[in-house]
Amino acid sequence: MNILGAIVTFIVAFAVGMTYGGLTRKITARIQNRKGPPWYQNFIDAYKLYSKSTAIHHGALHFLGPAFLMVSSVMTLLFVPVLTHNNWFENLTFDGDLIFLIYIMTFGPLGMALGAGQTGNPNSAIGVTRGLSQMVGFEIPWVMALVSLMIQYDTTSVTGLMAAQEQSGSWLMFSSPFAFVAAVMAMLGMFRYSPFDIVGAPTELASGPVSENGGKFLFVMMSSGSVFTFAKLTLYVDLFLGGADNLVELLIKTFLLYMIPVLYGTVSPRYRTEQSIRWFWGWPSFFGLLAILQAVIF
Amino acid sequence: MSMMKELKENIIKRIKASFPDAVEKNDFNYNRLDFIIDKNKVPSMLLYLKEEMGFIHLSHASCVDWLEEGEFELVFIVWSPVDKIKVFVHTRVDRDNPVMENMDMIWPQLNTYEREFRELYGVQFTGLVAPDEFILEDWQGPPPYRRDFDTAAYAEKTFWHRPGREDAQDVRETIASRDGEEIPDFAKKYSR
Amino acid sequence: MINDKNSQKIVDIIQNWARKHSIWVLAYGTGCGAIEIPPTMTSRYDAERLGVRGAATPRQADVLLITGYLTVKTLKRVIRVYEQMQDPKYVIGFGSCTINGGMYYDSYNTIKVLDKYLPVDVYINGCMPRPEAVLSGFAQLQKRIAEGRATGARHYKENLEWYRANQKKIIPNWIMPEYNW
Amino acid sequence: MREKATTLYIGPQHPGITGNMMVKVKVEGDTIVEARTEVGYLHRAFEKLQERRNWLQSFTLLCRFCVPEPDPVEESYARAVEMLEGRQVPERAKYIRVLMLELARMGSYLLWYGGQNGSLGLYTMGQWSVGDRNYILDLFEELTGGRVYHMYIWPGGVRRDLPEGFADKVLRTMDYFEKRLKDYDDLMFENTIFQKRTQGVGVIPKEKAVEWGVVGPVLRGCGIRSDIRIDDPYEVYDKLDFEVPTAEGGDIWARALVRRQEIRQSIRIIRQVIEKMPAGDYYNRIPNPHKWALPKGDAYARTEATRGEVGMYIVSDGSTRPRRTHFRGAAYVHAVSLLEKILVGENVADISAIMNSLGTCPPEIER
């Protein structure tokens, strides 16, 4: 049963993530006075990339990089309960999976670092270092927010937090707002839209870690990215927006959450690496601290 | 206008005082003044113009190939924001042995100009520190901007050329032949 | 049960459709034609609605857009870039100077006929071609891709010796600079 | 120390480079310790080709010198020819030329808005401004027949008169841009991230600026009030009333402020030109171009473009073809010797932004 649910979850995640990507391009285009591509443009791009030949050989780790990404996003997805009251789509959840998620979400970029390091492209190397340092930046408020939740409701499992929201009747974004603010600010960095798109900044280092990856590699990265997007959004919905009972509710909540980084990205230039880290260690960490204080005091 | 005239006279006086063999050429009714001087005096003269007389902005430097006279002409155009006067410094170097002194310590951008002249005209600047290649890469043959280098012939024998259409014949002779002829009415509107 | 040939045909049709609707152009302004690419990509002439968008590196690009004349020095880099691209790849010659040299017919530093050195799938004539012309060129390329006639890359592979001979004829030093992108 | 440095090749194929050139930088961490520019990818030997064309045929080549803003080049060449020949230009033609130059300045600045913000990752700005630039190009198209290349300013005047109703179109466009520039300010100059990225980056020392050959908005961004339209007035700029904005600091932010003001000054100038333009002749007809010989001598005319001083030095040996024409572009100094100087010590992330703020235009360098 669970396995079937997991497979369905993966397919849904892929489709939804791709569609969100297409919608993002459409909305960005509309903000920029353009008509924009159709919403299914990302599917076409993905299939085209899949159908391209691949004649690059940079060694085993280069091949493994995208695989690492895919594995990490799929695992993240599988440890996130998609729908509440639905033991099909609760997926593999156990006590302490929140802590596990914190670790597994940083696993993909590390694997990508190995892969990009092997290509020997200096742009890739610089992009990877930037990505890791930025991760150090936004992990801190993110972990602070989660820790505050764990302390407040002394549980370390996502389902536990969802259950807590149900019996208290109010979403966590209202009952512990500081944690929500800190987590959303960290989300801006997670999704790597401008101003935090320093990893693949085209005008600085041509698309960074992916600059040596074309064709099928890029296809795998694209799909893993969309799955990862869906997983992260669902996790946010579960933690702060009280989960979702059916798919429509989930889509609405995730899309609204997703629009925050997208719309902020369309109107802001790119930070430099140290500026972005300083930003994350500023207000977001402060809100995370407030969240922990709130959790400890109340 | 008169004020500009006496400004020019003043400049000429000061230049002649320190560079007696500089030949001035003051026959322009706009803010321009020319000096012709020996090539060995050019660095000191440019330095004097820049440091002493306030011609701090190097506007342009150029090199002209006088093939018939067997000489290269180097022109340096300096501009004074105070006097609002352009001073042209002309000098001639021998075409067979074009050697000049490096002057990029006066204006750093002269380094770029000297690299260009060295590559395109073959004018050597003693003491110029720069990579050999500036614009061209792996260029074989004479410096291309010299007038005795025929670019059309070179392109003809080096590159592929797509054959032109038959109906595209050369009408330049016809145009050149018609002089002072009556322009048809429909053309009067645009080409008076 | 359909046999292999038909299924292959169907797959080709789907693939060509996808390639037709997702054209990633390499961001390499080789000449002055690059000035009309921003208007083509931005509002009023929005090329992205046709699936045309820029790609940062040769590995990810489908189309090499030669925007104008190629000097010998640039040709060397362009050849390297073209051979870094992944199949299927297409070349668009942009502007009159890629077709017959244009006004640089007597210049000693620019090549005159592009398709002697690279396999050109579509030419866009004019100097400067208007954005409409560029879009129509992309549409022409889409048509050829859908019909499976944009086979410049295969032609390049098959006649590599001929192309190499032409390239080496004008590039005296074949050692590439030590780029590592 | 040195062996920690890695070499980065920005260009020739790189999204961050402006045009087609290469900057070879040595980086330690994120800091540039050495920068070398390599140009020559666009060398077409224009000046060599002009020696094979007659004085009028050169115009097809002239507008290709720098594509974003070709009109100052034509203006310089036309004025140099007029200086050499002593040819008079009708008053109306002078006004039309100023109109043309200022429109070109606006178009080039709008393109700069796009490039500067694109290099910093604010792509919306580029989409807006480059999209709006089409309205200027429409005016060019109606006036000259070409969007990008005009060949409109000729020795002895301009090629054709203003069509009917053109002035109203220009004024309407100016109204639109006055409204539109407020949006640009909200998106770009009010943006704290843009300020953080540009302030204190790519600083040019004020005392060294003139000596290093800095011209144009970059020099005014160093706080030095220098503009050829004021210092060495040409056409009718001395009859017009406009300001030359300056800003202190010499960094990208200061240059951006200068350009922000200048595009408004261009609108002001265009309005004055439209209202002051006299009726009358627009063209002193030149003789048959194939027999048109200029007297022996040389002349140097310079024009204030968006990148700075753009000049043309022509030498005639009394024949129907130039003996030598030499183009002086602002990028010739900015993008080679100056860029190599000021890139040292900067962050590798700012290369593209600095190049855009210097108004780099590679075809000006190698021509």
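Per-chain numbering from 1; labels A, B, C and D assigned in written order.
The definition used in the following text is that a residue touches a chain if its C-beta (ideal position, glycine included) is under 8 Å from a C-beta of that chain, and two chains touch if they have at least 3 such contacts.
The shown structure was predicted, so the numbers you read here are calculated from the model rather than taken from an experiment.
**Q** More C-beta pairs touching across which pair, B-C or A-C?
**A** Output for the comparison: A-C.
**Q** Let me have the rounded angstrom distance from the C-alpha centre of chain B over to the C-alpha centre of chain C, please.
**A** 39
**Q** When the centre of a chain is set as the mean of its C-alpha atoms, what distance in Å lies between chain A and chain B?
**A** 61
**Q** Can you compute the centre-to-centre distance for chain A and chain C, using the mean CA position of each chain? Integer Å is fine.
**A** 36
**Q** Averaged over CA atoms, how far is the centre of chain B from the centre of chain D? Could you give it in whole Å?
**A** Centre separation, chain B to chain D: 21 Å.
**Q** Going by the contact rule already set, what residues in chain C reach two or more other chains?
**A** Only 27, 42-43, 56, 58, 73, 106-110, 180-181 qualify.
**Q** Among all residues of chain B, which ones touch two or more of the remaining chains?
**A** Residues 136-137, 144, 151-152.
**Q** What positions in chain D touch 2 or more of the other chains?
**A** If we look for residues of chain D contacting two or more partner chains, we find 14-15, 40, 43, 45, 48-49, 52, 127-128, 131.
**Q** Give the pairs of chains that touch; include all such pairs.
**A** Touching chain pairs, listed by label, are A-C, A-D, B-C, B-D, C-D.
**Q** State the interface residues of chain D toward chain B in the complex, per the touch definition above.
**A** Those in contact with chain B are residues 36, 39-40, 43, 45, 47-49, 51-52, 83, 159-160, 210-213, 215, 226, 231-232, 283, 285, 287-291, 298, 300, 302, 309, 311, 313, 315, 323-324, 326, 328, 332-333, 336-338, 341, 366.
**Q** Within the complex, which stretch of chain B touches chain D?
**A** Touch residues, chain B against chain D: 30-32, 56-60, 62-65, 75, 77, 79, 81, 84, 86, 88, 107-109, 111-112, 131, 133-137, 144-145, 147, 151-152, 172, 175-176, 178-180, 190-192.
**Q** In their complex, what parts of chain D are in touch with chain C?
**A** Counting only chain D, the residues touching chain C are 9, 12-15, 19-20, 40-45, 48-49, 52, 60-61, 64, 67-68, 111, 114, 126-128, 130-131, 133-134, 137, 146-149, 363.
**Q** Using the touch definition from the top, list the residues of chain A that touch chain C in their complex.
**A** 25, 29, 32-38, 41, 44-45, 47-48, 51-56, 120-123, 202, 206-207, 210-215, 218
**Q** Under the definition above, what is the set of chain A residues touching chain D in their complex?
**A** Against chain D, chain A makes touches at 28, 31-34, 122-123, 125-126, 194-195, 197-198, 201-204, 206, 266-273, 275.
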